[in-house]
């Protein structure tokens, strides 16, 4: 009897220190994920940290992506800015190129581009910004995958640019019955119970559904699950999710192998 | 009768604006030079300016190089810093990669790396820093030429790294009889007379000699002549030098065609 | 017969260079205005430029104000950012304090605070941001005047904070019949004719009215006229406006003497 | 019988986070010290962190000083830079003013200026830089004390400028028999044994001597003891030193009360 294995990617933000400052437990979360979103100097990540992070990813067999951001170190890239699509394109290309240099010297192939923070949130709703990011991914000429919010402007933008799109889901977030994220301002938007989060991810990946906040079961089949590494609890949740997926027979593999 | 044409490169710093600030007359000097050293965000040059500068160079057939710098926008990269060789390597790789992204999207091949300002001056005398820059040029994997001061630490560093070295001379500077630059602190170190500067360059390129400050004729055969574009006088001098060289039968061609 | 002289302030942005970059003709415009808005490092202006600008103002008898901005050197403070009111308060206090240090050492008393660029535009419409700026002006404890757009959120914010408010008008902008600025996106929003601009300013100051874009005469009595110094034309317009006002018997005096 | 109580200041670096990044255990070390050196945005410390740090100091009765630095966030101010004395003066004034604004709004009086990192090390040996820092302290006009290395250029610079000088000693460093610090490059330069460090501090404060690395007892009477808060061990050492001093009858008081 044929058994087709299910595969899924797990991604996390990495290399988010800067100079003398560190953030999160990169080594901890790297044991669980298959893809890393590496900061490139605009919200975090200086050149030395970028080199070390790429090296760390390579040593763990974790695929490397570019975590492109607005230029806002003081705000960690979390504040909306009214940059023009041209500026966003330019900033993306700059950051992609910079990280690519560290990848090339270490024999690592860049896998994806994922917008960070405010750029992620703004571009998910703004066609022009999403188009600018997709165009930067396309023009970098390395077959980069655009990783972004499921059901957002990223998907049509990637399609229009001829770039592969990977939809990500969040292990620790509640969803509305149209497949969109429940806003953080609402009670219950963030799931703190690791067991519940884990069960939800297993359901998404193995059944292709998620239980929306109104109790309905909706179709939902992400290409990647986003996890965090900034706290002990987050690293534990990432480990729990990976273990549960593997126990359910799911293989955790980077996007380039699953798409 | 066979006539072997002499060829020389002329280089200048470009794209040294930042955000709303501009500097120099890029279009003016681009008519005279064959290679451009493009700022990459560490002493000048934001991503949008980088894209536009590469485009401008491409439209004029001018070769593009990376003008790597210490991270010092406030000091325009002109202040010595005690960065470690590893940091210098990382900063170079970052800036090379960032500019390369803009070159790739425009079908331009990066030609060279030239250190800027204080990094140029420090590394010219410091083997470890010169080695770090040469290693970054080598590891970027694109056959980049290292462009730097004639007779400095750059030459052995490039040789050791297996990278081509291009020695540059300055049209407006006096030389000591060992081929080194007269320090700026000494009277007569900078030549303001455009006619004199022009005659000296023609002599360097066609005879392979320069008149040192003590009047002696020394062997001196640069691969590139450095010119400036930050003032009207500088742009005029660049034009005068180019015209005089062409009248002397010299072809102005980018480094990749002359080395 | 008693003749009561009319007085008005004229203000301009100054010290908007950064490091090796300069911007505008500070000396040129300083001959015309009575108050300067000095950049403090967040959109332009490094400490050395700040010291020199305060010195220049003192030598010309021009009053000094703080031109507070979002932290965005690359965008010259012209891009909207979603900073919290607390962040805006903190950024204002930081910039006020920094400039005040240069004023104190030169015996200059800080006169006013004026938001710059995107912060100006956003706070003019956002009560919370306007309140944050007014609170910073009040808490700095030096009787600072808040200078901002006439008819905006700045006025009630200043009143609530117990801070004096100075309403500014623009010599080169058209007004709607409710006293608000015609949006820049509309044809005719910017007045390029120096004669027309000059006549309009004289009318505002001597009659307390302005001709709105629909031809109606509306009440309009600004405390300060904003002029620019970034181009030759702007400096010429500033001179023309000053001359015309003086010929009409108006005295150009800094805000602290007129309010 | 009259008993004259001995008093000493203990100082530590504080507020060294930036944006989303934190560093050290500020609350932990604040329980032990009497003076804080607060970062002002050039090596660490953004305006919001500055406000919070001043508030925290005020709540604990700890005196506030300005930790002035070169502008080098990426290098945490630890890299030598060849800034001119004028630039150093300007950078100091800028940072002093910025922090002073937060102090004034909270009813806190600035107590001292202490150079940070590379600026500390360079100016301790360079009369012109030390003079520039002392001049900035003097010109700020608030009776600021200059806190720096015992036996360095800071002392004559402060004297020449008419500024009080406070000599600091390090609990965890070995001294040569001329009273200078043993260079970090030498074995034994840093003392990791908290008991030994504690005994040495008690000896310095109560006897006015220190045991140099050659075993000799030299005269050594610091005004302040520098402690660290960046690790658990450092915070523990600070507590141990304070306890031992108090048990020896020494009062821990800020500089302004002891000088």
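Assorted remarks:
In order of appearance the chains are A, B, C and D, and numbering begins at 1 in each one.
One rule holds in what follows: a residue touches a chain if its C-beta (ideal position, glycine included) is under 8 Å from a C-beta of that chain, and two chains touch if they have at least 3 such contacts.
These figures come from a predicted structure and were not determined experimentally.
The set of chains in contact with chain B as well as chain C comprises A, D. Interface note: chain C and chain D, two copies of one sequence, contact each other through mostly matching residue numbers (shared numbers exceed half of all numbers used).
Counting C-beta pairs in contact across A-C and across A-B gives the higher total for A-B.
A separation of 44 Å divides the Cα centre of chain A from that of chain C. The geometric centre of chain A is 40 Å away from that of chain B, both derived from CA atoms.
Touching of two or more other chains is recorded for residues 46, 74-75, 87 of chain B. Residue ranges on chain C touching chain A, taken from their complex, read 71-72, 74-75, 79-83, 118.
Only residues 17-23, 44, 46, 73-76, 78 of chain D touch chain A when the two sit together in their complex. On the chain B side of its complex with chain A, the touching residues are 41, 46-48, 50-51, 86-87, 90-91, 93-102, 104-105, 139-141.
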